[in-house]
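Letters A, B, C and D name the chains as they come in the text, with residue numbers starting at 1 for each one.
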Amino acid sequence: MLKKLFALILIGGLGLIFFQLYNQRSRREGLTKTASYYTEKGPAETRSANIVTSVVVTYRGLDTLGEVTILFAAASIIGFFLKRSEKGSKDKTIRNQSSELLQTGSMLLVPLIFLLGIYVFVNGHLSPGGGFQGGAIIASGTVLAFLANPSFEGGRTLIHILESLSGMFYVGIGVAGIFLAAGFLDNRIFPTGNVGSFISAGAIPVIYSIIGLKVGAELSAILYSLRDTKEQQ
Amino acid sequence: MHILHISGAITLLAGSIFLVLGALGVVRMPDPFNRIQAGTKATTLGTILVMSGLGMLHPSWLPKLFILIFFIVITNPISSHVLARVMHNLQVPLWSKKDQLSEEEE
Amino acid sequence: MVETIINISMGLIILAGLLGSVRFFIGPSIYDRVIALDVLTIISISLIALLSHVAGRALFLDIAIVYGLLSFIAVLAISRYLERGL
Amino acid sequence: MLPVLLTILVIIMLLGGLLAVEHKSLLIGVISAGLVSLTASIIYVILAAPDVAMTEAAIGSGLSTVMFLYVLRRIKGDSNA
């Protein structure tokens, strides 16, 4: 009872502070200095129609590399700590089969979801979305395959190959930017087209495809290891 | 051109009325089986009508709207079927006390 | 004329969302809440499509497409969890 | 129309978060988290941030629910509703 009262008082105090902040705010006219630089120079320099993409991939590309590295570390730690059940010993978990309608529907829908994910990360420089979103959509396709068939085993080696190769290519393109263009992860190593056309923005679609494949492979690997953990007792 | 806009807006209105009726069915129906029936059928039709109305208002959006209708028409029955199957297997109580789908004959 | 009808239908869709969330919050069993979540995702697909008309940008339809293809996975996962098939 | 919609969405979102915290059943908490992510995605669309809305839609609609359910299955062994 006392604990709840304390929590209520805490929430009330926080609400009061936020209300004060809300009352005293002043509407900012125009953009900040960094934001106005991105919106003015971004399309001209990177030739990408989506300014968020040009910031994420080019101006702050090193941060994106760090995020991908963190995701890789998380996936490998989960794979390390959640032990897989051995091949010889029978898996104790009883999983009920899914209905026939779901199995038939998933045969149509899993490739469609993969296709949507590829569309999202290939079109990242033109429309909302990009590598992380496309990777999450691809992992959702893996989820659907698991739901339709609980003992689904396809693509386990492909995931590990994709994970390693895409990481190598990402750093490779970044290093190529040092030699062929202005700096690490510069997108002008390929010819930049016109803003808004499909083949434009230099290396941004290539980098986003690599990020999408890597994120999709890592999230799928996490799902595989979450599914295959040994049951307690 | 103007006729197309007005008919698109009316189709949109019809679709939103179906959405409201579906949601009302979800609130008012007595047991989960009736609710899933009202909530899936009416809202699927309502979404299709809303997308068609938007397609009449903006003819250049038609490809994306067709893809959207296609996805909804495929995915919606699958999810409601799986949920209804689970409810039947776990013997959720019916409102009418008489199970027409029960396996054992008397 | 056209804009008035569109405003009315937007109000109706908001009303539908309110009704669906009423069932979500009072729903006695877990199944009622899952059904309400399913209905709410379908309503929100229509809402996002209508918002893209209000904003006049076809870009927002991409988000509606993502929801249209992925929203049923949550319902599917909860159903498979309940019948112990996950 | 849009401010009214924003207010309604924020209220639904707050109630969903409260339900997720306060309800005894963990499964209902997972479903409420799905509702919170749904409303957050619509709010991002209204505030004209399509990239963030796309992220929220891709992560929150299926993936996070499934990961929560896998963990729930592991820690509880057998449980229904």
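Everything below uses one rule, namely that a residue touches a chain if its C-beta (ideal position, glycine included) is under 8 Å from a C-beta of that chain, and two chains touch if they have at least 3 such contacts.
If you're wondering where the values come from, they're calculated on a predicted model, not measured in any experiment.
The interface with the largest number of contacting C-beta pairs joins chains B-C. Chain centres here are Cα averages; for subunit C and subunit D they lie 12 Å apart.
With each centre defined as the average position of its C-alpha atoms, the distance from subunit A to subunit B rounds to 31 Å. Taking the mean of the C-alpha atoms as each chain's centre, subunit A and subunit D sit 19 Å apart. Each of the following residues of subunit D touches two or more other chains: 50, 53-54, 58, 61-62, 66, 70, 80. In subunit B, the residues touching two or more other chains are 71, 75, 78, 82, 85, 90. Of all residues in subunit A, those that touch two or more other chains are 98, 102, 109, 112, 120, 128-129, 133, 137, 140, 143, 146.
Taken together, the chains touch in the following pairs: A-B, A-C, A-D, B-C, C-D.
Of all the residues in subunit D, the ones that touch subunit A in their complex are 50-51, 53-55, 58-59, 61-63, 66-67, 70-71, 74, 77.
Residue ranges on subunit B touching subunit C, taken from their complex, read 5-6, 8-10, 12-13, 15-17, 19-20, 22-24, 26-27, 32, 35-36, 39-40, 43-44, 46-47, 50-51, 54, 57-58, 60-61, 64-65, 67-68, 71-72, 75-76, 78-80, 82-83, 85-87, 89-90, 92. Contact residues of subunit A toward subunit C in the complex are 94-98, 102, 109, 112-113, 116, 120, 127-129, 133, 137, 140, 143-144, 146-147, 150. Note for the complex: subunit D touches subunit C at residues 1-2, 4-5, 8, 12, 15-16, 19, 25, 27-28, 30-31, 34-35, 38, 41-42, 45-46, 48, 50, 53-54, 57-58, 61-62, 65-66, 69-70, 72-73, 78, 80-81.
Contact residues on subunit C toward subunit A in their complex (touch as defined above): 59, 62-63, 65-66, 69-70, 73, 76-77, 80, 83-86.
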